[in-house]
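Letters A, B, C and D mark the chains in the order given here, with residues in each chain numbered from 1 onward.
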Amino acid sequence: MRVGIIGANGYSGIELIRLLHEHPHVTLNLIVSHSTSGTPITELYPHLQAIYEEQLEALDVDKVASQVDFLFFATPARVSKDWLPSFTQKGIPCIDISGDFRLNNPDVYKQWYQAEHTNAEYLSEAVYGLADVYPEAIKHAQVIANPGCYATAALLALIPLVEKKLISTKSIIIDGKSGVSGAGRKPSLTTLFGEVNENVKAYRLGKHQHIPEMEQILTEVSGDTVQVTFSTHLIPMTRGIMCTIYADLQETITTDDLIHAYDMYYDHTPFIRVRPEGSLPSTKEVYGSNYCDLGVTVDKRTGKLTIVSVIDNVVKGASGQAVQNMNLVNGWDIDEGLKYSPVYP
Amino acid sequence: MRVGIIGANGYSGIELIRLLHEHPHVTLNLIVSHSTSGTPITELYPHLQAIYEEQLEALDVDKVASQVDFLFFATPARVSKDWLPSFTQKGIPCIDISGDFRLNNPDVYKQWYQAEHTNAEYLSEAVYGLADVYPEAIKHAQVIANPGCYATAALLALIPLVEKKLISTKSIIIDGKSGVSGAGRKPSLTTLFGEVNENVKAYRLGKHQHIPEMEQILTEVSGDTVQVTFSTHLIPMTRGIMCTIYADLQETITTDDLIHAYDMYYDHTPFIRVRPEGSLPSTKEVYGSNYCDLGVTVDKRTGKLTIVSVIDNVVKGASGQAVQNMNLVNGWDIDEGLKYSPVYP
Amino acid sequence: MRVGIIGANGYSGIELIRLLHEHPHVTLNLIVSHSTSGTPITELYPHLQAIYEEQLEALDVDKVASQVDFLFFATPARVSKDWLPSFTQKGIPCIDISGDFRLNNPDVYKQWYQAEHTNAEYLSEAVYGLADVYPEAIKHAQVIANPGCYATAALLALIPLVEKKLISTKSIIIDGKSGVSGAGRKPSLTTLFGEVNENVKAYRLGKHQHIPEMEQILTEVSGDTVQVTFSTHLIPMTRGIMCTIYADLQETITTDDLIHAYDMYYDHTPFIRVRPEGSLPSTKEVYGSNYCDLGVTVDKRTGKLTIVSVIDNVVKGASGQAVQNMNLVNGWDIDEGLKYSPVYP
Amino acid sequence: MRVGIIGANGYSGIELIRLLHEHPHVTLNLIVSHSTSGTPITELYPHLQAIYEEQLEALDVDKVASQVDFLFFATPARVSKDWLPSFTQKGIPCIDISGDFRLNNPDVYKQWYQAEHTNAEYLSEAVYGLADVYPEAIKHAQVIANPGCYATAALLALIPLVEKKLISTKSIIIDGKSGVSGAGRKPSLTTLFGEVNENVKAYRLGKHQHIPEMEQILTEVSGDTVQVTFSTHLIPMTRGIMCTIYADLQETITTDDLIHAYDMYYDHTPFIRVRPEGSLPSTKEVYGSNYCDLGVTVDKRTGKLTIVSVIDNVVKGASGQAVQNMNLVNGWDIDEGLKYSPVYP
């Protein structure tokens, strides 16, 4: 199958190249970038020498459509909404790694993304690509909205418990910690080494655009109107997201019961690993891989539940989950091209 | 004034040397270390060459008592409880940077420190050395229990609000993030560079020994029996602690009101800096200094309060606060020897 | 083919597990560790959960011999010399990632490794496993001495030029810079995060045990008695080695000629990538992969040659090259199980 | 004395604020920035809250001249050459931290800085501000060209040996390793955290603009025409420069003799610390301080000399040395305002 990437020169795009290059069922036929078209990708990323040396192309809808059977958008926010429908109209399934098709409600999109959605009629058609939770819906989708990185880590931890009514949906607090790659490769003051190294910085408290997609899904799953308290922190590492999640338990339940509930819920997927009681995952333990690792602990003193969820934001939080979604759409094994062990140390 | 340091070969001890060396009113007359006595400090810490080159001495109570007028304990947990009273009995005021004299109740000590307190009768005499909150009590103390690093960051953020009943004491969640220096200089697997770099790791959820001192103080301040949910995370940096604190507001109040409340409460000290609305502090902004910087935000959507509190764990969270306490006991200006600007970047 | 790893609980061992687990022609049948036998590997390395969960075994020669057809030693220096011959005597080919079988001369071994070689008669039998230079010899070897990490980076850069007499063998200076993983996972003061972070440290100038193997090979290749000036530096990163190499040119030659000479020399292997003129490789560009990337520049002003050589010390500098050697011995494609793109960023 | 800083919003400027704020003999009366005039410095650098909160001003020569008695230029290359003479003409001594007044020969300036020098007649007037080597000349200077960071580290190591003819001036190779702060705070791809972290990168081999100032000084000191081979590497840390220097000895001499030679040469300054035989300095051992630490070793096997020189590039390599120069010009103690111990860890 011939695949293409729109927005191939960012970190998500480049990770797609790494994953697709080794995927047994696809050929990466086209890489597109508006800002750097005409440049060989190896000029921007010398690590691809002798691996993938093609030139970035301009975005010409007809030309792209003639060259690919499947398309990934790894573009910044507010780009794919204008372009993606042109391709699905031509019968090319698309996975959008940006946030443009995640929210059902165009008003909510406008509020959190500060832009009018130009193709709002496609929002209802798009399937939220949380691949380990919605495999069946994804199999039949033409537009897949790949979830946000923080949302992936948080929702994979919360959905099984919310669905089973084990926690109070009024009490959810998510403390997110992310490596810097999530901010992309565009030069900016806040992502300079001199500013990030030996530093931890809280940012966009209560204002992060992954909030509405978390609330939308948790509301659907629970039947309640869920609001979450969500804060994000930039920490001095490149890859990795940890969400530390606090919630009140609805009933007396042990840590062991919770581990069992997760194991049941994620029985069908190899990508969710639940740590045994007393053990908590760290981000390095999923580095470079498509795993989401979960650890859970009930504080017997206070009765509060704490969940630790970790992913590699560039893999499970972006390009790896996108490949998993492509596998689902095409009926391939869900771990095809994703059998990478974490790189440790 | 002649001062000495017991346990001078750890990171807190070495930071005391940095601070005391420049302090205008003291002479560092003696450095003691059980494990490395007989070694010149420059052999362990070459950065002290030409600055302070003395030899570490063994712990001989009479000899120490004859050489110093004031004593710091920078020892690991469960050491000072056996030795400190010998010195106060001889009239030498002591500041203990370890946790041995922070808890009023020896049973609580035993529960959290896994050891019998051998000098429990001194617990009631000890003053909790949260220098920006209890300056008057500290002035008259002979035994000062310097607060824990996490406890310092969390309590300086919480006390003004708890005292004014602005937040529900049932709702406090503290998500702590720390650099690695807090774990000391003893070689261990968990603090190796290869394990910490490119990693964030949650540890001791609900079990950290700073929990009881936070609860003891918040209970005293509020009159309620306070329990906190507290989690700790190791992040890949050397210095710095951030506590992100979540709580329910007791009444409708604006971010601006909260900033004003802090400014009033900390009017008397130069070491607490409250960020203007919309700005949140990061740990690098206090690096190497004795500041605690606070940022606060009310999430209008959810009504939840989030506070961000940052300190340099080695300065305000240990040796800097100890020097501030020494200044108080001796009637010197509280910022004497502590006028360091943060080192940035 | 059934393979085993002796010393599987160190960083080289764990990287072998990552690589062998995905290798199409082998089954990892046995992992051995003297110090941690009886422990499930996932207890030491939770990132292997659901990937490889076996228990570390004690070293029992007969038992091991009955379970494997091929053996890797990932042991510390001075271990394999005592054990490896027992296995080759039983017809099991062995690859030794440690330095015990790299030097032809037992006196030189004793001088640099501070130990008598207990099986010196095997030194002449061992083949130096610099896989991209000596593929033919390796194909027929029973004992393969996998090169040192620094030696790999330096020799791959130097051999083509020394063989062609392009540089003066009297003038070679190698400035090595390494990430911390090369020092292994054993807790030690010098590899603590607090000591390594925000630091660069020179160590063992002129005394590193990779010096004699570099000199042995360069002497063989050139016919001259070669001595090198070699210094090593620990820098704050986990993986990666860079050798910056300085030498006098024997004749006037351009950068372009040198690039061409490398391309010719390494025509047969996919693992050496030479950067185009004006471009120099960085360690991140080979992260997690088996590549050695080379950049070369002739300083027109001074006539001096500078070469920059980078590898991932854990892959090409240890376990990846060992797998490449295994492929050679067994007649498989040399990149089997090694087709990993660098993980970037 | 009233001082001002032109270019106060970069890392060198901000470090000058840290140092000058605590200096007993000066008042920082004015901070100027072309690009950010009108902005309070705390908006760009919140760590200065409650320490120094002034607004950055535009560059108006008359206004500046009326407000200051002494001026620092912390501007990017090619700026001070156009502005500095206006101030010295008005009798205001200036220290230029940029490279505009370091080279005697305007043609050499043009070659390495790619710009015509617009005030070439001032080049001969400027004194090279290597404060620990040229204190007497600096005392009488009106224009002080503060040395480059790499040049400071290399020259402090080389001058004593070159002056005494202990090393061959034809053989000098300098391998420089720098933290990222040297590249300034301007957003750029190469200084993003995602590109620098877990990476070491060689850059500008043989082309760095500190080469001509090193050669100019070494030529003056030795009487020979000296050319150096110089390479620079970006390593993942914020502060610190190490130069590892290789040279051939002119005569048989021991490591101990060399240490003695340094000690004699730097007898008059507290800022050069020479490590005892067998010990080599690391950059963290000078962090935040004005020290230059030297370690030296003679390789008995090869007869080659290796010197390791470390500085904090922002202090001794820029703003600290500038303050030392200010002290010299004004006849104050050379360590006034510079008595900072290194911040460790």
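Basically, a residue touches a chain if its C-beta (ideal position, glycine included) is under 8 Å from a C-beta of that chain, and two chains touch if they have at least 3 such contacts.
Chain labels with UniProt names: A, B, C, D = N-acetyl-gamma-glutamyl-phosphate reductase.
Computed from a predicted model, the values in this text were never measured in an experiment.
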Ask   = In terms of CA centroid distance, which chain is the most far removed from chain B?
value = C
Note = Check: interface with higher C-beta contact count, A-D vs C-D, is C-D
Message = With centres defined as the mean C-alpha position, give me the chain A-chain D separation in Å.
response = 45
Mean-CA-position distance for chain D and chain B (Å) = 36
Remark   = Chain-centre distance (mean CA atoms) for chain C and chain D, in whole Å, is 39
Ask   = Listing for chain C: what residues touch at least two other chains?
value = 11, 181, 185, 194-195, 197-198, 236-239, 284, 287, 345
Residue numbers on chain B that touch chain C, as the complex places them = 11, 180-181, 183, 185, 187-189, 191-198, 236-238
Query = Which residues of chain A touch chain C in the complex?
reply = 11, 14, 17-18, 21-22, 45-51, 181, 185, 197-198, 238-239, 270, 273, 275, 279, 281, 284-288, 293, 314, 339-345
Query = Within the complex, which stretch of chain D touches chain C?
reply = 173, 175, 177, 179, 194-195, 197-203, 205-206, 227-229, 231, 233, 235-240, 242, 244, 246, 280, 282-284, 287, 295, 297, 299-302, 304, 306, 308, 310, 345
